[in-house]
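Each of the next two complexes has subunit A plus one more chain, namely subunit B in the first and subunit C in the second.
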Partner chain A sequence: MRKFLFFIPFVLFIALAAFLFSGLFSDPRQHGSALVSKTLPAFELPDLMAPTTLYNAEKLKGKVYLLNVWGLWCPTCNAELGFLTELRKQGIDIVGLYYVQPQDSAFGESFDLTKLQQDVVKKLQEQGDPYRLNILDEKRSLIFDLGVTGAPETFLIDAKGQIRAHHVGDINPQNWPALGAQYQALLEEAAEHKPTAEAATTAGAAYAN
Partner chain B sequence: MMPEIGQLSLIFAFALSVLLALVPVYGSYSGNVRALLLAKPLAIGQFLFSAIAMACLMYAFYHSDFTVINVASNSSSMLPWYFQLTASFGSHEGSMLLWVTILTFWTALVAVFSKSLPLLMQGRILAVLGFICVGFIAFSLFMSNPFERSLPFFPVEGRDLNPLLQDFGMIVHPPLLYVGYVGFAVSFAFAIAALWGGKFDSTWARWARPWTLAAWLFLTLGIMLGSWWAYNELGWGGWWFWDPVENASFMPWLVGTALLHSLAVTEKRGTFKSWTVLLAIAAFSLSLMGAFLVRSGVLVSVHSFASDPSRGLYLLAFLLLVVGGSLFLYALRMNAVRSQARYQLFSREVLLWGNNVFLLTATLVVFLGTLYPLFHKELGLGSISIGEPFFNQLFYYLVIPFSLLLGLGPWVRWKQQQLPPLLKPLTLVALLALTIAIGYLAATQSLAANLALLGCLLGAWVGMSAIGEVYQRAQQLGGFSSGISRLQASHWGMTFAHIGFAVLVIGVAMTKTLSVEKDVRMKIGDTVELNGYHFTLTDVYALNGPNYGGQAAELEVYSEGEKVTHLHAEKRFYPLQKTVMTEAAVHARLSRDLYVALGEELSGPSWAMRVYVKPFVRWIWLGGVLMAFGALLALLDKRYRSSTVKVREKTAEIAGVEHA
Partner chain C sequence: MLTKFQSKLQKLQWLKTLLLSLVLLTPFTTSAAEELMQFKDAQQQALYRELTAELRCPKCQNQNIADSNAVVAVDMREKTYQLVQQGQNKEQVIDFMKQRYGDFVHYQPPVQWSTIWLWLAPLLLVAGLFFVMLQKQRKAQSDAGEQGAGKIMAADQELEQQLQALINQAMLNQTNQTSQTNQTKHQSAREPD
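Entry: the complex of A and B
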């Protein structure tokens, strides 16, 4: 018995080494988001360019798309715009979620929508516009619910409005293949279920009427 | 040509380390005295060649030889010369070479200063160190070569040194830390050599003690410097962040502290043997694991070097070999060893055992807090992060019983202590501690700060107890005035280290609870008031440094109408690395720091400023320095200096070898 007690440190160390070994091959920056395979949290947010149009989770349902959290203030997001625009040209559907940084009124800062719209248009003209539409999250409510830790972050949403992947950091030619494959798989999945999905939406619409 | 000389020297050092790892082993099994005697020149030669390699790298940095990739990515010709030199260990490759140099330096020191050890023991210790050297020199040489060239196409200007590292604290912090980390390799080698020989009298503990003390001294200073640097350089007024890499240096420190105390028990009383050996293995293993965590990219941290899985794999394999191997050896050999010493429940042994338990619990807390995110993720449970509140909370709970024990420990005798004789002096100590702590807080009238009160109480208890114990011990040695001069240096060392801990606890408690801060927008001429101090912004102007631009702010501080000081805060911009750095303005006094960080320029023109008043924050570092000073005093104790060569023992040992 006493003999085995002295093996405890050795056994514990081997177990630790196994964890360290598997840790070597996974990127610590890659997130396993707690939200994956949950539906998009409820929200009601305006369009960045036409603030009278409101979007919610229900309205965005029915298509596979990427929800890209970004902001003009974030250099990595700006660097990412070019590649995302290329993806849009390949038919990838991208929805922007505009991240407004907190303003500090003590420092005389205030939120100016008109100026932001002008700056965004200018930026997207320069760098390319990857977005089908842009949602404005001025109070960062959806961003908070999504557990966003910084920008850029991208969520892969399936046709049923479920979050299927959470990517932290920029999307670039190196990491796109993995995410792209997931996107394609979801497209095929959506195509298979299309009849039922459509039936469900029409039924929903009928019920709403 | 210098980089090639460096490369060649490193190869020589590698060859010597292979010999060092093999020849004494052969000697110890075959009883070949000449093979054992060869260990010393091999160890010294190994150090000389590593030192030459390091010098060559420094030369390349000093002369901005951008054909060397390492120089081009971590230095620039605009960098001041002293930062050019220190940039040589600012990168992964360079710091690995520094690590190797320090490791071979320790090995050479052991070879030179172990004359009093039996030859067989010397050979074994040096062989273990040689084996560790092989691992690290090979890593430096084959996996992260600092001398690699980018010929024929090389840049005309370097990418500059990370501005975070362009600070005096950074010049000294990594070498000190490495000296500490690597120093535990010596304690480790002693423990393994003892396991190897299977002889566990208290002698190995006596030999290992000064080396452990020295390593602990440097690790303490290294950690304290890192904390002081973060405070000055990061601009958020914090001094400890529980960052994974800070934790990686803190764990060996905690275990090293436990090891120091445990070694005392093993040496003096011949007990706790298996425990001490395990701690010696653990201290160095945690140092190695720290190196792995920083360089493999397993955890995200501000300190991480650019990560590369193949490097991580190498380090992990080495870790498995060294730590796994030594723990396996431990399991095989140690279970046969039994301690005979007997002691009662109320004795110094039990109190020191308690000290070990608390220090190891603290290590476990840090360990779990650091690695739990990794475990969680690898088990497929998703990502989580563990922040400051977790560590702070658990450390509050741990420090309280630990401090109470610490105050008591030095008073209690080995084997058995009767309670009554201690009651009177200890009550006096407790009363004094209470009066001082409560009296002080009542004077400052901050009743809400219960934690600060508790911290002061614990600090005062430990401090008063340490002083009182010296007084009592001196009286026992024949009167206070004559007895005090007869106290051994190691006793003074203990006292100073314990007072250092008390000072540290007070510093942490006061800073954590009584600090105030304000984020303000200031125009030139504006005044902001914080804790009775009036900070007036008098001027802001453009900066023109050798390799940076930016802005500097001048402030005048007044308190009750009298000028306290003039502060100069900078916000630097390093164009080559495109990084902004804060150089906080600090006015330090023992009782408080005034701290101002200059932020963004806002419209107006006005500036965002962050102003802090941090009471007693100096005490944190003062405590660390006192602890290190204590270790230094203990090291100077004359019993470690007696290098009388025990010829008889030595010849007996050699004879033993030849019979084997």
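Entry: the complex of A and C
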């Protein structure tokens, strides 16, 4: 008994050391998302290139896709464009959500859509265009409802419009395998829910490839 | 040495003035920033202040949204202002933020199975320390008791030994005396010879 009591401080010290040591390798930016397993919040936002086209959560439903929050002002987003374009070539569906930074009118800044469109086209020509379409969120309303803290951030959305993953930071060859596996699993899940057996087999083949 | 230091301090007089003016100016600058926001009454203004102090900027490592100028913190302040103006109470605003940014966004963590240790750990620590202290005190008392009993026994034994020694001494003296008197008797008896 006496020997056992003697070891208690040692055990406590080891536990504390292990806890603090594991903290060295944790990413303070990753603190969980309140949005995972919720449906995409309601919104009504224009297309970046054709502002008369409006999108809402209902319109985007029916497909598995990545919703990528990005902006030209964000260097990490620009660095990520090349890899995302590669993913698009592999058949990954990516929808862009353009993050407009607040404009300070005191410094003569104002939002200029035509200028932005020109800059975006130029950038995507240079770096590659990973996006099926781009949603413009000028007031950051959907971005706020998604709990986005900055750019880039990426959401994995299933065919039912439910958010299944929230990735903070860039997508790169190191972290893509985990997210990619989740993406493929959702494709499979979506195929299972489709009534025709034919659709399921084609999706299965795509997964095998 | 001291005079050198003092002269250096005197040279830093301008720093003193600067710091003093900064300290004096701070309250004016904050009030100037808040004047841009119009509140219905002082209560709403107080609620807004309370909320922006308690809500945590999700982009920053450890700052409340009142303190941060990150875009997300600015947007959260704006949203807080709107919700407070709509007449929502503190809990409603915090819930609104938590739905979007998670429990991380509020400096007061919720009581859950995963967070219960935040309250239990200090209690357990205090209870443990109390237990250890009690145990130590008890041990010290019982030790003192044992030692006391031991001392009494030792003293008893010593007294016993001393007594025995005295008795022995007395007995020895007695036998010596009797033998001496016998001898003198003998001598006196022999004297007439």
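The rule we apply is simple: the second predicted complex is superposed on the first by the 166 of 209 C-alpha atoms of A that agree within 3 Å, B and C clash if a C-alpha of one lies under 4 Å from a C-alpha of the other, contacts with A are read in each partner's own complex, and residues count from 1 in each chain.
Throughout what follows, contacts are C-beta pairs under 8 Å (C-beta built on N, C-alpha and C of every residue); 3 or more make two chains touch, one makes a residue touch a chain.
Remember, predicted model here, so these are calculated numbers, not experimental data.
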Quiz item: So, does A:F13 touch the first partner subunit B, the second partner subunit C, both, or neither?
Solution: first
Exercise. In the overlay, answer first, second, both or neither for which of subunit B and subunit C A:S22 touches.
Key: first
Quiz item: What is the contact status of A:K3 with respect to subunit B (first) and subunit C (second): first, second, both, or neither?
Solution: first
Quiz item: Does subunit C touch more residues of subunit A than subunit B does, or is it the other way round?
Solution: B
Quiz item: Should A:R140 be classified as contacting the first partner (subunit B), the second (subunit C), both, or neither?
Solution: second
Exercise. For A:N68, decide between first (touching subunit B), second (touching subunit C), both and neither.
Key: neither
Practice problem: Identify the partner contact of A:T154: answer first if only subunit B is touched, second if only subunit C is, both if each is, neither if none is. | Solution: neither
Quiz item: Which parts of subunit A are in contact with subunit B and also with subunit C?
Solution: 28, 31-34
Quiz item: Along subunit C, where are the residues that touch subunit A in the complex?
Solution: 58-59, 61, 70-72, 74-75, 79, 98-104
Exercise. Would you mind writing out the residues of subunit B in touch with subunit A in their complex?
Key: 274, 278, 281-282, 285, 292, 296-300, 309, 312-313, 316, 319-320, 323-324, 327-328, 330-331, 334-335, 371, 374-375, 377-378, 380-383, 519-521, 602-604, 608
Exercise. Mind listing the subunit A positions that touch subunit C in their complex?
Key: 28, 31-35, 101-102, 140, 144-150
Exercise. Could you pull out which subunit A residues touch subunit B in their complex?
Key: 2-3, 5-7, 9-10, 13-14, 16-17, 19-26, 28-29, 31-34, 106-108
